[in-house]
Structures are given as structure tokens and as C-alpha cells.
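Presented sequentially are two complexes of chain A, the first with chain B as partner and the second with chain C.
Showing the complex of A and B:
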């Protein structure tokens, strides 16, 4: 794996730099000596089989949990929060609605741009006073992304924004992300939808057997001549 | 939106926009869509779209004003556009030559293809431009 480590151009300070990060659950190692770097203006997909530690990696990057070992460095440009972790539909209680969630964000995050959040929610024409109980997971995801992307942050994290969502809404979400990501910011998302995201992702990070491989998607296409999903299957097949 | 593995995606997108410029869809001086709008349209990363615009800029097809947007080069004249069409034709011909076709065979093949193809006569002004250019 070491020979495939990507070079970081010296001029571009990564927004996120994880070095030799390990994480264990009850002494069971999940991630071992993981390196990950996120440069400005990139969209990076994290893929891996179920239980490979994708969500854990995202939570480590977002500072929601601390690593057992290793260093995680966030270097945002001046005036921006280092990271905004977008909540998943399961992480938000069903009794909340978009309005309440917005009030919660305003109180909790000094960098939250309430007007922008309102604008984004209005543009989606989603019910804002209805409890999330009554909304589909796709609608909740769009609300969560509207709020997460309304924080003035250098790096946005999203855990499976396309999971359990029908194709048309998945397209809306893909386009919504592209439309709303602030210029120069980066997005790291956990996803299984490699085929439909393959041209949107600048880089792919594959978690497999507790380690990681990070590669540019253009390299996958040009060097290996296969799709991003086929590359993932090749890298994770049991030998 | 489909792409193939033959060239980097930014070049494939750049070539599509280039064709739109040459076809006159965007006349000289006209503002193009923003990087973000194009990224949403093609569902590609903003980085890829930036590279596509830089590629078009390096060919002198567009000019980018910082903070304003990208425009079709106002100096772009029909002769230059014709030159680019000619380049495409030359590339096509060299590929047929690589397949072992001679000049008369290529000509015959193109004539055959033209007879099969019934083009909609929807762009008379462009045909005029081509003749004058």
C-alpha cells in the first residue's frame, strides 16, 4: 500500500491531515495507522465494506470521537470553522422539525449562517414546520445538508447522503451538494454509490482490513482503465 | 452524463464546450455558465470544471475575468473557429489513415456517409460563415 501513497504538493496546506491514526472499540482494532489528507476544493469519497470503519473515520475527522493513537490536524483558512459534520437522518430526533433544528444550530454554532440556511430550505420547498417523523429519509437528508452546509466551514463531512433514497432524490442531493458547497471548501462523504458519484469525486479513499488507500479518481480511469466501482471491487476482493 | 476513459474528464467537457462555441451557440463576448453551474450540469467536481475552463482559456477560446466569470473570447473570429473545425477534420483523417485508408478511399467513405445522413437544414448562417471564413 505504501507505494501508492499520494504526494502532497508543498504549496497546498491540507484542510485535514490524519497521520498514523488508530482507533479501537473495546480493544478490538478497527482502524490501524490510517493516513488521510484533504486538500482545499476537493470532493473525496470514503468507501469500504460494512463494518470497515467508514463512519468512525468520519467521526474522527469531525472531532466527534478521539483517536486511540495518531494525530489529526485541521488547518482551516482564517474566519472559517475547521469542519462541519452534517448530521444523518438517524442522528436527528424525529420530534424535531427544520425550524427547530435551525434554532438549535444558531445557538450551538457561532459560524452558522441562518439566512443562508433559510434560503436553502426555501429553495428546496420542504416542509419546515412538520416533524421529521412525517418526512422521508431523503427529505431529512436534504434538511440536514442545508443546515450543515450553512456553517461557514472549510471542510464538510457527510455520512452516506445517498443511502436508502430513490434515484430522483439522489440526483437532487448530488446536485444540491455541488450547488451549495462554498467555493474552496472540501467535502468528504462516506458512500456506497460509487457509480453515480464517480465523476463528482476527485479522490477515493478505500478502507479495507483496517488500513486505507487514497487515490485520485482520474488516476483510476487513466492508469487502470476501469470505473471507480470496479477499482473498489478489485481492491477489496478476498484473496 | 457519460464520459469515457479515452481522455481526462476535464478535456472531454472542455471539448464539448468548445464545440458549442464553434457552432455559434455562444457567440464571441458572450458570458458562459459559471464553474458551479457547469459542475451541477455535468455532475462533476468543481475542481474538474476549473480545469476544463483553464483548458479552454489556454486555447484562447475563452477569457476569464476574476470575480465576474468566463466569456467567449471577443477576439475569436470565424477564421479561428474554422481553423478549429479543420483541426478536428485533420485528426479524423489521420485516424482513418492509421486504419490503412488512402485519400480516395477516405473521400469515398465520407461521400457515402453524407448520402446516408440527412442533416436537418437548421443552420444556414453558419454554413455562410464557413464559406466566408
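Showing the complex of A and C:
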């Protein structure tokens, strides 16, 4: 089995530190002894083949599920929530709308900034009272990201924000993320769109055969002279 | 406790919104039948009996819904992506199950009320030998034990088996197991009852079921947390 590898310079106190984390679904191992760290102010992409555990890793980082082994430590700065998990379009019932979703966030999260959320939603110029049934997945993603990013958190998590979305809207989402990410906060996102995001990502974490390899995207370009997607394909070529 | 009530408020709103079309249709049907003049009801009875049959079937569905809906409430979305919204609230799985159980009660009462209202309205179509669905509780059954059985005990057994089976299609085997075990537990607790406690057999059975209910809730929560549902 491949070992975890990291090509990351020595770090300051990480925001998120996962050490030897393992997780199984119904006794089938999915993640084995994963080490992952996230520094403040970084954007990290998690890539891997289907079923490699990317979404599970994100849920572990978000505290939605517990690992069967290992430790997960979040060290947010004072005054910030440790993590904000941004919902995806499949995770929100269709009968909800932007307003009801905002009410859900206000109801459960003390760190939710309602004014900022309203400002972000207004900037999107999307119908806020219309049920999500009537919106496209890209529009729902933008709404979900607005609300997720409106929590005062140190680490934001997003699962495939560009999935099943047409190119123009993908560009809008990329720009939206860059514009709205609070300074000093980090973003970890699962993605398959490596070439589109390569100049946005500071680091790439590849999930392969139950382990993880974490590398700076600048190192990929400088040391290997290839694109982030080509590096991913090279690292996972035996699949 | 505050956390539980906070979650309960949201859970109730969520379920109400999810069921609103169903509730509106029922309300509309009741209003239509209520507003129909007796002459129109007589005409329908003789010339369009399929309409009374249809309303009768819908009543029966509401009645059966009263029997099975509590379990449905507990089992909704354990294996679906939308479960993430419940997980995000940070409330423990145990409290989510307890919230579902508490919401069983008004939901099932609503269905029971609907079957009673519908039955009363069906009187407008009654004639001669015509019979129609009418859900009643007999004195012998006892309202409280039956209510506890249907609203709490069987749904808890069902949820435990459903999560233990661990697949989205596990509803039917879980139902069967729950409905087989429920009377068995009543029988077993009375077979093994010491002679001295025989006069209090019903109370002992009730206590056994309460203890098992708590055990099923804790067991179901543990399975869900361990498997990451």
C-alpha cells in the first residue's frame, strides 16, 4: 500500500491537523492512516478517483462523522468557528429557498453573519424566495456557498462546487470564491476540475489507494514542469 | 434540553414543509365534501359511486398511514445526502431520533384525526347497505398502550433493525422484524413473569417495553454514528 507523502515546507501551527486517520464503511476500509494538514490562508484541492473517500475526508474534517482511528485537531484563531461546511445542491431539499436556508443557518450557527449573507445573496441577483426546485444546480451552489462563507470560520469546506455546472457559471463560482473568501481563512475543496483551478489552488492533496499525497501546486509547476492535472494523472496512473 | 427543542423546532418546520402538498390536498378534499349539498351527494352515490370509493380509499390510506407513518418519520433520509443538514446542526444522533419520536405524535394524531373527519363526512354518502372505512379504537385494546406501541415502541424497533440492516432497501425486512418482535415481547414478558407479579402483568410489560425503547434508541444512535450515517 502506498504511504502518505508530503512535499510541503515546514509549517506554522496548522489550522487543521489530521493524523493517522482511518475510516471504514461497513468494515470496508476507505481511508487508512491519513495525514493531512491545512495552514491558515491556503486553498487546498482534494482530488482522487470516484469512491476514493474525498467526500468522506471532507466530512471528517467538518466533524460530521468520526474517524475509526486517528486524531483530528482544529486550531482556529480566537473569535472564529473552527470550520464551516458548505452544503451542496444534493444536500438541500428542493422545497427550501435562499431565505429558508438563511433561517436554517441563523437558527443553528451563532457565528453566522446574516448581514454578510444577505449582501452576498443580493450580489448574486438570484431569486431568494423561489424554491430550489426551480433553480439550476449552479445557482443552488452559489447560494449554498454564500451562506457557508457567511459563517465566521477559519476553515471552509466545499465538496465539488463545480460539479455538473456549465463553463460560464463555473467561472462565476471560481471568481465568487476568490472574492468572498475571508482573508486569512482557508478553503479545502474536493474537485475534479484541476486544470481550471490550478492557479487558484495553493496545494493539492491526492487520495489514492486509501492514502494521501499532499504537495504545493507551485512545486508541481517548478519541479515537475507539468500541469496539476497531469501530475494527478501521473500519480494515479496505476488505477 | 434547549438544544433538543431548537432542533425540534427546525425538524417540525422541515417536516411540515415537506408534507404541505399532502396536507393541502386533504384539507381541500374535506372542504369539498363538507360543502357539497346533500342532493349532490345523493347524485354521486347513485351515478358516480367511484368517487365515493376513491374518497373511501384515501381515508383508508390515511388510517393505515396513522399506523405506519411514525416509523416512516424515523427512517427518513438516513442513507441520503440530505442527512448532511441534520449532521451539520451538531446535535447528537440520539437527540435527532428523540426529536423524530416526539414529532411522531402530532403527525400520527393528525392522520388519525383526518380518518375520523373523513369518516364523519362519508355519512353524507351513506345509503342502505353501503359501508365505508372507519378507524376506531376498541375499549379492550386500551388507548394508551396501543398509542405507545404504535407511536414509540414499534417505530423504535423498526429504526433499530433498519439501521442495523444498513441498506436503503431494508425498510420491508425492518418492518417485518418490528411487527413480529413487538407482540413476541409482550408474550415473552408475560410467560416469564413470576407468579407473584401476575396481577401487575400489564405494568411489567409496559416497563419492559419502555426499557427496550430506550435501548433501541441508544442502539440505533450508536449504529448510525459508528457507520457514519
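Assume the second predicted complex is superposed on the first by the 227 of 239 C-alpha atoms of A that agree within 3 Å, B and C clash if a C-alpha of one lies under 4 Å from a C-alpha of the other, contacts with A are read in each partner's own complex, and residues count from 1 in each chain.
We adopt the following convention: contacts are C-beta pairs under 8 Å (C-beta built on N, C-alpha and C of every residue); 3 or more make two chains touch, one makes a residue touch a chain.
Just so it is clear, the structure is predicted and the values come from calculations on it, not from any experiment.
A.B. asks: Determine, for the superposed arrangement built on chain A, whether chain B and chain C clash or fit.
C.D. replies: With chain A as the common anchor, chain B and chain C both fit in the superposed model.
A.B. asks: May I ask you to decide whether A:51 touches chain B, chain C, both, or neither, giving the answer as first, second, both or neither?
C.D. replies: Neither partner.
A.B. asks: Is A:199 touching anything from chain B or chain C once the two structures are fitted on A? First, second, both or neither.
C.D. replies: Touch partner of A:199: chain B, not chain C.
A.B. asks: Name the contact category of A:181: first (chain B only), second (chain C only), both, or neither.
C.D. replies: first
A.B. asks: Contacts for A:108 in the overlay, against chain B (first) and chain C (second): which applies, first, second, both or neither?
C.D. replies: After superposing on A, A:108 lies in contact with chain C but is clear of chain B.
A.B. asks: After the superposition on chain A, what is the angle at the C-alpha centre of chain A formed with the C-alpha centres of chain B and chain C, rounded to the nearest 10 degrees?
C.D. replies: 160
A.B. asks: Count the residues of chain A touched by chain B and by chain C, then name the partner with the higher count.
C.D. replies: Comparing touch counts on chain A for chain B and chain C gives C.
A.B. asks: According to the stated criteria, A:90 is in contact with first (chain B), second (chain C), both, or neither; which is it?
C.D. replies: In the superposed model, A:90 contacts chain C only, not chain B.
A.B. asks: Of the partners chain B and chain C, which touch A:65 in the superposed model: first, second, both, neither?
C.D. replies: Only chain C; A:65 stays clear of chain B.
A.B. asks: Upon superposition of the two complexes, what minimum C-alpha distance (Å) separates chain B from chain C?
C.D. replies: Between chain B and chain C, the shortest C-alpha distance works out to 28 Å.
A.B. asks: Share the list of chain A residues that count as touching for chain B in one structure and for chain C in the other.
C.D. replies: none
A.B. asks: Within their complex, state which residues of chain A touch chain C.
C.D. replies: Its residues touching chain C are 23, 25-26, 56, 59, 62-66, 85, 87-88, 90-93, 95-96, 100, 104, 107-108.
A.B. asks: Help me check something: in the complex, which residues belonging to chain B touch chain A?
C.D. replies: Residues 1, 3, 5, 8-9, 36, 39-40, 42-48, 50 of chain B touch chain A in their complex.
A.B. asks: With touch defined as at the start, can you tell me which chain A residues reach chain B in the complex?
C.D. replies: Within the complex, chain A touches chain B at residues 41-43, 174-175, 178-179, 181, 183, 199-202, 218, 221-222, 225-226.
A.B. asks: Where on chain C does chain A make contact in their complex?
C.D. replies: 6, 9-10, 14, 17-18, 20, 81-82, 84-85, 87-90, 166, 225, 227-228
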